[in-house]
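As written, the chains take the letters A, B, C and D, and residue 1 is the first residue of each chain.
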Amino acid sequence: MMIVMKQDATEDQFRAVINRIESIGARARRSSGVEVTTIAAIGDREHIARLELDGSPGVDRVVPILKPYKLASRQICHDACTVLEIGGRKVGGDHFALIAGPCTVESRDQLLTTAHTVDAGGATMLRGGAYKPRTSPYAFQGLGVEGLGLLAEAKARTGLPIVTELMDARDLEPVLEVADVVQIGARNMQNYALLTEVGRSGCPVLIKRGLSSTLEELLMAAEYVLKEGNENVMLCERGIRTFETAYRFTLDLTAVPVLKELSHLPVIVDPSHAPGRRDLVEPLSLAAAAAGADGIIVEVHPAPEEAICDGPQQLRTEDFARYARKVEAAAAVAGKTSFRRRDGVVAEIGDVGSSRFAA
Amino acid sequence: MMIVMKQDATEDQFRAVINRIESIGARARRSSGVEVTTIAAIGDREHIARLELDGSPGVDRVVPILKPYKLASRQICHDACTVLEIGGRKVGGDHFALIAGPCTVESRDQLLTTAHTVDAGGATMLRGGAYKPRTSPYAFQGLGVEGLGLLAEAKARTGLPIVTELMDARDLEPVLEVADVVQIGARNMQNYALLTEVGRSGCPVLIKRGLSSTLEELLMAAEYVLKEGNENVMLCERGIRTFETAYRFTLDLTAVPVLKELSHLPVIVDPSHAPGRRDLVEPLSLAAAAAGADGIIVEVHPAPEEAICDGPQQLRTEDFARYARKVEAAAAVAGKTSFRRRDGVVAEIGDVGSSRFAA
Amino acid sequence: MMIVMKQDATEDQFRAVINRIESIGARARRSSGVEVTTIAAIGDREHIARLELDGSPGVDRVVPILKPYKLASRQICHDACTVLEIGGRKVGGDHFALIAGPCTVESRDQLLTTAHTVDAGGATMLRGGAYKPRTSPYAFQGLGVEGLGLLAEAKARTGLPIVTELMDARDLEPVLEVADVVQIGARNMQNYALLTEVGRSGCPVLIKRGLSSTLEELLMAAEYVLKEGNENVMLCERGIRTFETAYRFTLDLTAVPVLKELSHLPVIVDPSHAPGRRDLVEPLSLAAAAAGADGIIVEVHPAPEEAICDGPQQLRTEDFARYARKVEAAAAVAGKTSFRRRDGVVAEIGDVGSSRFAA
Amino acid sequence: MMIVMKQDATEDQFRAVINRIESIGARARRSSGVEVTTIAAIGDREHIARLELDGSPGVDRVVPILKPYKLASRQICHDACTVLEIGGRKVGGDHFALIAGPCTVESRDQLLTTAHTVDAGGATMLRGGAYKPRTSPYAFQGLGVEGLGLLAEAKARTGLPIVTELMDARDLEPVLEVADVVQIGARNMQNYALLTEVGRSGCPVLIKRGLSSTLEELLMAAEYVLKEGNENVMLCERGIRTFETAYRFTLDLTAVPVLKELSHLPVIVDPSHAPGRRDLVEPLSLAAAAAGADGIIVEVHPAPEEAICDGPQQLRTEDFARYARKVEAAAAVAGKTSFRRRDGVVAEIGDVGSSRFAA
C-alpha cells in the first residue's frame, strides 16, 4: 500500500502516518519526489489492509498495491488454470462447457423435452431454475421443491449434470440433493451468508457477476467460497448495467480474458439475459466463445412464446443443434479443442471434421 | 401496455399478437399511424404484466404504460405522504429524521459515547451495525449478538430508537429484539427472501438502494415488504455506481424529489458511504436536506482514526452538534419545519431561533 | 408519439394536450384504459418531434414511438445492407475490412514499415493519425500536415486506402487530399459543425461512437452526414465508459448486431482503445469478428515501446499476419466469406485453405 | 509515477524498466515488499507523463501519482479561490452567481421579457443560446447571428452580462462581440480546437462537464484554456450519464465540493438539463447551492409551453423571483454571504432580512 501525502503535509502528519503503519507491525518507507512525497507500507497483506489512512490529516490518497483476493488469484496456481470435473464433464483449460436448458422449470414435459434436445445437440450440462429471483413480488417465483424433483428426473434420464440456482440458505439441503452445480445469481453475488454456506457445502458453484460489480468484487465473492475450502468455483459474466437502453444489460466480453488473466478459475458467459432477445443470443455466444470463454450457459425452451418467464430470450429447441455447432466453431478459433461429441463422449478437436466450419 | 409493431409486420403477426392479448382476458386496440402501427393491451395490470410479447414475430418493441408497483406508489395514498412514528419519533411530511451513530458497533465505550453525543446534538435515532457486509471475507464482520446487546443498552440509556442491519434471515429473531428499524443494505436490496421475512415481521424497515438499482427496482423491493402487510418502509438513497473514480459512489440527489413524487414513502439519504470521506459528508448532507429528503442517516465515531471500518468517512463526535444545526437549516429551506429539540421534544420551526441560521 | 396522462388529469388538461397536437396538424387519439388514459399523436414525424409535451399539466410522460433517424435506418434500404467501395475495397455485406496501422504517424520509417507489413499481412486499409485529440494540452498533438504527406506516400507505395482523423473543420481541405476515409473521433461524435462539413465533402466517413453515446445518438450523428447527401458512412464501436476500472473502456459488442439490425450502414470495431493493452486486442478482435462486425480497425506499430502515444495497446508488426489469419477465421464463423488475399485481390472464403483454421 | 512489477518479473525486465526511466532523465527507485516490488519514477512531471510503460514486459500496472493538470489545480493558487469579475459581477469565494435566461433565443419579445424579469428577480447574468447543439439534424439549430443581436440589445437594456454558447471556432468573432462569458457545451468539452481558440480570446469561459467526463478530464479541458493565458474559467456540472432512466441525466453534486478542493476555479451548477423537468429544477437548485456551488445557471421562459426547445425544463418567468429567494437561502447555509440585491447592487448577507428564510 502506498500513501501519497499532500504537498503541504506537516512533519507531524508524516510522523503520525508512519507511527500508524509501524503500530501494526509493518515497515514504512518514505520517498521524496520533486513535487510529491509518498510513504510505502510494507508487511503482512491482511494487516496492511486494515490500515484506514484515507482521509487522515496530510494524506492525499491511498493507493492499494496488492490485490485483495488470494485464493482466486492466478498466482496461487503458479499460473495454471483450474480444470473442474463435474459429473464426468470437464470445464476449463481446453475444455469448453455448453450449459443449456430452460430459464425456469415449468413442467415435466417442458423440462424433459428440452433436456433430451440439448443433450442430443451437444450440451454438457442442463440448466433450469426451481427458485427464481423476480423483481416483482407478483411474478411467478418458480416451482420450488417440485421443480427440483423434475430436474432430478431429467438428470436420471439424460445423465446431464444439473446447474440450478440457490437463493436462500434455508433451501440448501434440497438443492444439494439434485444440483451438480449451485448457481449464485447476480443479485446475490454479495449475499455473503449464502456464499459462505455454499462454500461449506463443497458443491461446485457458478457465481454470476452482479449487475454493477467490478471484476475485483466478483473475485472477492469467489474468495468467500474458496476460503471455506471449496475449490470448485466458476465465474460467470452475464452483462452489466450501463447507460445504453437499447438492450437490457451490456455484455462485457473484455471480462473474459481479463478474469482468466487475474484468476485460475473457469469463466462462463451467459448470452441470454443481457440482450433479453433471442436474435442476439447467437452473435453474442459466438463472440463469447471467440473471446476465450470456458463455456456458455444459455436458455432453451420448446415453446418460448408460452414460457412463464423470459420467453423472448430463450432459444427454440429446434435451433439448438445448429447453434451448438456454430459455438464450437467459434470456440475452436480461440483454441478450445475439446468438446463433447454427439454420442456423449468427449472429442478432441482433431477429430472434428472441417465441415463443422461450414456451418 | 403498448406493442409497437414492425413496419413490415404481416396481418398474421398482428392477429397472433391480438389473440395472445385476448387470451389473457384483456382487450386489444389497434392504432394505425402514418409510419407505424401500435396495439394497446387494456385490462388487468397483473395479467398484462405476464404477456411476454417482446421478440414475438412482427413486434418491434413493447412499451410498458403502468408502473409495476402498486402499494409503494403515490396513488395508493391519494397523494398523501406516509408519516411513520418510530419510538415516538416521526419521519415524513414535515418531520425530518436525523439518524446517527457509528458504522460498526465496536465496543461498549465507543457506542455509548457516540449515542450520548448524538442524542445531545439532536439526533432522532441511533444507527450501528452488529452484522457488517464486507467485500472481503478476511475483514471484520461485526460483533454479532454481542453488538446487539450493546445497542440494547444504548437504547435503554438514551431512549433513542435503534436502526441496525439484518443480512441473514436466520438472524431475524435476535435483531428484532433490539431493532426499532431493520436496515436492508444495498447489497441485499434484491435479496427477496430477506425482504419477505422483514415484511412479515411488521418491524419498520429502511431499504437502501442497490449500487446500480433503478428507482423502479427500489420501489419493487419496497413492494416485497409492503405486500406482506408491513407498511413501515423508508427508502434510502446511498450513492450509485458510475464511471467517476474521484469518489466511491455518486450520490444521486435527483432520486429524492423523484422518489417522493412516485411514492408516498419517506426518503432518507446516507451521505457517508458515497463519498467515503469525512470532509464531503457535510456538503452532501446539506444538499440532501435542501433537496427535500425526509431524513439523513450519518456515521459518527468518537475516534475515527481508530475505527475498525470506514473510519475515514465517519464524522467526529465533537463536530456533531454543529453539523446537526447546519443540516436543520438546510432542511428548513426545503420546508421541513419539525425537528427534535435538544431537550428531547419535537419543536416546530416557528420555535427555532434565527440564530440557527448563523451556523 | 404517445402521451400517458396522469390518473388525476382534468378534462381541461386533456383538452389542452389535444389542442396542442391538433395545432401542429396532427391527429390526437384518446385511449382510456382501466387505470390509465393515453393520447396518441399521429401525423408527420418531424412536426410531432417538435411537440414538447413533457411536463405539461396532466401529462405523466411522453413515449416516443418513431425512431428519430430516417436515412440511417434499415427501412430506408428495404432491409438491404450498404456495401461501400473504397479505393477498390468493399466493406459491408459479405466483405470484411481489416484496417490497420499506427495510432499516430510518427516518422516516415515507422509509417512505411507498418504500411508494408499490414499490406502483406492482409489489411485492406491503412490507418494513421496526423491530428491527435489528446486529453492533456501538454501531450504530443500529431505531426499535422507533415503527417498527411507521409500518409500520401504510404498510400502511393502500397495502394492501401487511407483512414485518418479530422478534428477541426479548418483542416478539412488538406485532410481530403489524402484521406479515402475521414475518421470522426469519439470525442467529436457530437461536433455537429464537423459532421456537417464532412457530410458536404462526400468523402467516406468512419464515425466513432462517443464514450457514453447511445446507439441512437450514434445513428443521429450518422444522420447529420447522410442528410448532406453523403451516403458513405461507417459506424464504429470503440468501447463505452462504465463503472469497471479494470480496463479503460468496456467494448460493447452487443452494439454490433443491434446496429446492423437498426441500420443499413457497415459496423466496424476498434479493439485497441477500449482495453488499452496489447494482450487483450486479439481476444476482443476475434469476439468482434464472431459477433458479425463488418471490419476491424486496429493499431499496429513496429516498436510499440518507443511509440509516442498509446504504445501499450499497439500490436507488433511481426505479429500482424498471424493475428489477421485468426481474425479471418472468426469472421468466417459469422458468415463473412470475402477477404482480401495476400496478393492483393479479394478472395472468396471457398478459396481459403482449411489450414487457416488451424492457427 | 509508480510501476508495480509482476511477481514473476525477471531481473532483465526490471533492468529494462529502470533504463527506460533513466533514459528520460528521471530517477528510478526500487522498493521490494514481501509480495510485490515497485519502481518509483521520480523527476520532471511532463517527462514522466510520456513514459508509456503499461503493458511492458514484467509490468503489472502503472500508478500515476501526480495530477495531470497544473494551472487548474488548487496548489497553483496557494489554496486560494479564484474570484472572477464579469461585467461588475463577482463569481467565486463568497459571491454567488445566478445566471438565468431562456434555453434558446427565440424572439425579441421572448428574450427581453425574460431578461427584465430575471434582472428584477436577482439574476446576476443573462443566459441564452444563439447556436444550439441538437442531437437531431432536423431540429431547430438556433437563430445564429440574429440571436446574438438580440442578446446585445438585452444587455444594453438591463446591464446584465451575457453568457452564450460557442459551437464552432469559425463563429468566434461575432460571439465575442456580445458575450461576456463564452459557454462551451458538454458535447464540446473535449473539442480541443475550440478550447484553444477560446483560450486565446481571453474572454471568460464557462466549460460544461461532458456527459461522461471525469472531473479530471473536465480540469484538463480547463487546462487547455488556461494554458493559452486565459485565467477566466468557470467549471459547470450539468449531470452525467448513468444507468438510471427515470431522469435524463444524473446531477452529480459530489462534484461541487470535490472540484472546489481540487481546483481554484469557480464551480457552477446547471439544474435544468439533467432532470429535464421543471418541477425538479427547484429542489436540485437548492441542493446545489447548499452543497457549496459558486452559482447556478438556470433556464427561464415566459411561456415554456411554446418554447421551441427544452420547454418542459424551463422555469416560468412569474416564478423566478420566489425561486431566486429560496436559492439564496440555501446558498447562505453553505456560507455564501454575498448576493446581488434587487436594486442592482451587491449586498452582504448581513443586510438580508431574516424574512428571506421564511420563503
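In this section, a residue touches a chain if its C-beta (ideal position, glycine included) is under 8 Å from a C-beta of that chain, and two chains touch if they have at least 3 such contacts.
Here the structure is a predicted model, which means the values were calculated and not measured.
A.B. asks: Trace the shortest chain of touching neighbours from chain B to chain D and give its length in steps.
C.D. replies: Graph distance in the chain contact network comes out at 1.
A.B. asks: Greatest Cα-centroid separation from chain A: which chain?
C.D. replies: D
A.B. asks: On a C-alpha centroid basis, what's the spacing between chain B and chain C, in Å?
C.D. replies: Chain centres of chain B and chain C, defined by C-alpha means, are spaced 40 Å apart.
A.B. asks: State, to the nearest whole Å, the distance from the C-alpha centre of chain A to the C-alpha centre of chain C.
C.D. replies: 30
A.B. asks: Suppose each chain is reduced to the average of its Cα coordinates; what separation in Å results between chain C and chain D?
C.D. replies: Whole-Å distance between the two chain centres: 29.
A.B. asks: Where does chain C touch two or more other chains at once, residue-wise?
C.D. replies: Counting only residues that touch two or more other chains, chain C contributes 212, 241-243, 245, 279.
A.B. asks: Which stretch or stretches of chain A touch chain B in the complex?
C.D. replies: Chain A reaches chain B through residues 20, 46, 49-50, 52-56, 68-69, 133-139, 141, 167-170, 187-188, 190-193, 196, 210-212, 217, 220, 223-224, 227, 241, 276-279, 305, 307-313.
A.B. asks: Touching chain A in the complex: which residues of chain C?
C.D. replies: Chain C residues touching chain A: 212, 214-216, 240, 242-247, 250-258, 261-262, 274-275, 279-280, 283-284, 286-292, 326, 329-330, 332-334, 354, 357, 359.
A.B. asks: Report the residues of chain C in contact with chain B in the complex, numbered from low to high.
C.D. replies: 2, 4, 7-8, 29, 31, 33-36, 38, 40, 42-45, 63, 65-66, 75, 79, 212, 241-243, 245
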